[in-house]
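Same chain, two partners: chain A is paired with chain B first, then with chain C.
Right after this comes the complex of A and B.
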């Protein structure tokens, strides 16, 4: 009885929040609605019994990605009037893309590939089956190669981003903490006989 | 399930939540008293000792004063966000307590089996604490942005940089604990450390214990990492425009986060509710857990009275160039030791899953 109620609650709020992301005039409000949308989608994952994915959604998207969004919006002075200027011009293209996406999703939905008969129902296990441990076992045995490849690509992207933005200024004074710590008393103090 | 049963369940949940949030709010009030007395003692002066016996009613008087003060909203502020920010800061600080296990009890022998004293004994408890803890930043960011003030904005930007940087090394320190305990359930982590202080994770993970606790100081913006509210240059940082009850909400969130870090440190590194030697088990476990937590809160206050504030570049250096490599090395050390023939017997002593 409670499950459909919560499904409708989370789903409805997610759609509402996603709409408000697009409609809001203030970019900061948009970001807040997007965060609220992520929370509701995490709630849907919890209802499916996928608590690991739900928590990771909050941890990664809300806790890390959106913080950077907020950060950028705070630091950039976003002019809303200028952003809205091209709205009518790009409306047909955007509308067309939305329509195509809608047709694709509707076609996929009614095609029968994702119907409950062919997909197989997810079995609800009790608390003794640990989702996290099972995901870990699959990820580190069957999908190890893909997992490690993804990790290496991410590392390469990380190093690339650092290399692109790293600029060391020659004229700035830097602190050499190792040298500071290594200083002995006799380097700095001199006894003067008066 | 009938409506009556749902109402009954909701009532039980409400009582459980009250049983944790009310003591947290009270202890926050008395930690401010403790802080003022301890710093006074460390600086050879009295601290507050006028209201009530030995100043014990001072937090009540302070709370009443803040409650009765006028809340001012700046005319150029974004009103909705300005009012929402303190609440957004407080909610994650309190929500994280939902998974904290405060001990195991049979309720004086009424239950046959021991039950864990937590609102939710989640399988992914530690991830939940991390996820909810990472939300604390929004209250600060929103407060800084919505105030429409330069000092507040600089404070918020500093806070977000600092919290993102230190979250990384905190997460890696937790990974080391998980590699030993083999579970993300907080009560399982505590029970993995049962049987005396030589089973506690502070012994194999001593560097990680230091990293976690110091990063916790940085996460809660406590001194010596209180740059976001550095009063010498930013007046009060991100909450400079707040007054009255909204101001008090921010300090409530800060102190609640401080208690949470102390609790998590005791649970992950100091054996939670287990006594240091099994002979002392006659003292209830909750007393041990709260005693260890109280010690860490004292250490927070001790830090504040002892250390000067970090410079910003030093803060970033400590997070990225000192703590992060240390945690990565320690993960490798534990991982290699687990699968090396002779070393695995040593590390295996702390790994109950083997």
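Right after this comes the complex of A and C.
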């Protein structure tokens, strides 16, 4: 009963947010709208009964990818005015792409091949089947070895990233306790004839 | 919550993958233990790495008799083929670590260097035992990620960073291509296990044939990149030149061996239906690769770049074994890889000994007159070069002989003759090095480092190449034995 209502709510807000991502002048606002958009699309997944994908959308896209975006925008210090300057120049090719994409999607929508009658018929399992539990069971039994190896890959990537980027700054002052303890009086004091 | 039941005796079955578990545990132990070591003592981690490799060899030998054991729902296979490949990989890693001890001394983050080598070893060992797309992809990624880091290790040097970046970007691209190919095969068959794919593909009619070929093409392209097969070889010379020399030696053997092993298993188990198609594709690739490798090497003045093209050329010859597509061909590949390991490691060991002022003896002219100063090294280098060129009766001759004969016997006579021609062209640039060493006057002072570990590598490689050249029979026999249960 309430399902169409919530579908329209989530879907409408997602479209609104996606539009605002594009039209916002401030890139930080765009990122915020994109996060909002992801939350709403996660809501759509929940409506479909795919709660695992919904949670993963929030965890991965909002929790990791968007935080990365925020950092990139902070670090890059994007200059909007300069980016907008090339708008007219790249309009033909960009507009052409947008137009082709639009025609493509419109054609696909009208053709009826992708109608909801033939597609999107999610098999409804009974109450006893739980998405997350089933995925967990598969992941930790059948795919256990791959799962473990993926963990090793993450470890190697982590260590590698630190090795390649960690550098001790030459202008920073570090405390060398061993040197402090080992220091002698004659290292520090100097007799000066007045 | 119900208790999970494995369809195999769970802790007992882990014995099948004891070497892998050991290597993984030691890689993490190296990482952790180095935190408690003072900086001066970081070299200990090198010896830990070497000890790990040395201890893995008996573990692997104890598994030598097992045929077709599977565990973890068939994700991991243990057969003589995998064991032999892993032995080669472990020995190559061991040698590369020995070459690194002196070279990497004083580098920052030394312990992580050896941990990364062990992670690479782990990745390639899983590649050797992979039976499906999941393990194939994960093994390749673990290997590739660790090698990217190793290539960039001297990050103060611009060329090292450049090499790593090129390698990384092209490597990611090739992984993407491979995954794309896998989706085609999976889409047709609904299977990702090699053997199941092989069975399912038999039932695919003409409708699915094009998608099948497309998937095969993309997977072959992805693997070809890892093996630096032309036209996917562009990254190789830069990566070889920019990487620290021990890493160059490492990456010219280990990923190649693992790549070919995986290639063989994939073609034999998953694509017997498409044999006619993949032989055609591989023939084109082999011709291109042999041409690029052997002709472009002539123009190189830097010996590391020259050896990079030499690797490409050798990969082209090894492809003949895949084209032969029979037991002789695959045994020939294993023979080739074994001998190639010693030739390459020996040659790079001498390059490392020539290191001078941070930049090692990298120009070929710098080897001029070496025979008068150090006749021993000169002899060793000459043996390596003759062997790489395939002069009888050194190891390299039998390596080429094994794959060429296999190609001829399976009916690819023209291809084998072309390969022979390219081999003759290739001999030119190997012999040029020998000419510099023996017949030219010295232009530079030689400042050889006294480094007993590297000297041992040079000596052992030289002895192995001469010994394998005189008595190739046992090795070829072992390589044939290793294929039991596969072909």
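Of note:
Assume the second predicted complex is superposed on the first by the 124 of 194 C-alpha atoms of A that agree within 3 Å, B and C clash if a C-alpha of one lies under 4 Å from a C-alpha of the other, contacts with A are read in each partner's own complex, and residues count from 1 in each chain.
Note that a residue touches a chain if its C-beta (ideal position, glycine included) is under 8 Å from a C-beta of that chain, and two chains touch if they have at least 3 such contacts.
Note that the structure is predicted; figures quoted are calculated from it, not measured.
Applying the stated contact rule after C-alpha superposition, one finds that A:105 touches neither chain B nor chain C.
By the touch criterion defined above, A:153 lies against chain C but remains apart from chain B after alignment on the C-alpha atoms of chain A. In the superposed model, A:48 lies in contact with neither chain B nor chain C.
Once the two complexes are overlaid on the shared chain, A:132 sits against chain B while remaining clear of chain C.
By the touch criterion stated above, A:164 is placed in contact with chain C alone, chain B being left untouched.
In the superposition on chain A, A:58 makes contact with chain B only, not with chain C.
Judged by the touch definition given at the top, the superposed model places A:67 against chain B, while chain C stays out of reach. On chain C, the positions that touch chain A within their shared complex are 4, 6, 24, 28, 31, 72-73, 75-76, 109, 112, 115-116, 119, 122-123, 126, 134-135, 138-139, 141-142, 145-146, 148-149, 152-153, 155. For chain A in complex with chain B, the touching residues are 1-2, 26, 28, 32, 35, 51-52, 55-56, 58-59, 62-64, 67, 70-71, 74-75, 127, 130-132, 175, 177.
Residues of chain B touching chain A in their complex: 1, 6, 78, 81, 122-124, 127-128, 130-132, 134-135, 137-138, 141-142, 144-145, 153, 156-157, 160, 164, 167, 184, 313, 317. Looking at the complex, you find that chain A touches chain C at residues 137, 140-146, 149-150, 152-153, 155-157, 159-160, 162-164, 166.
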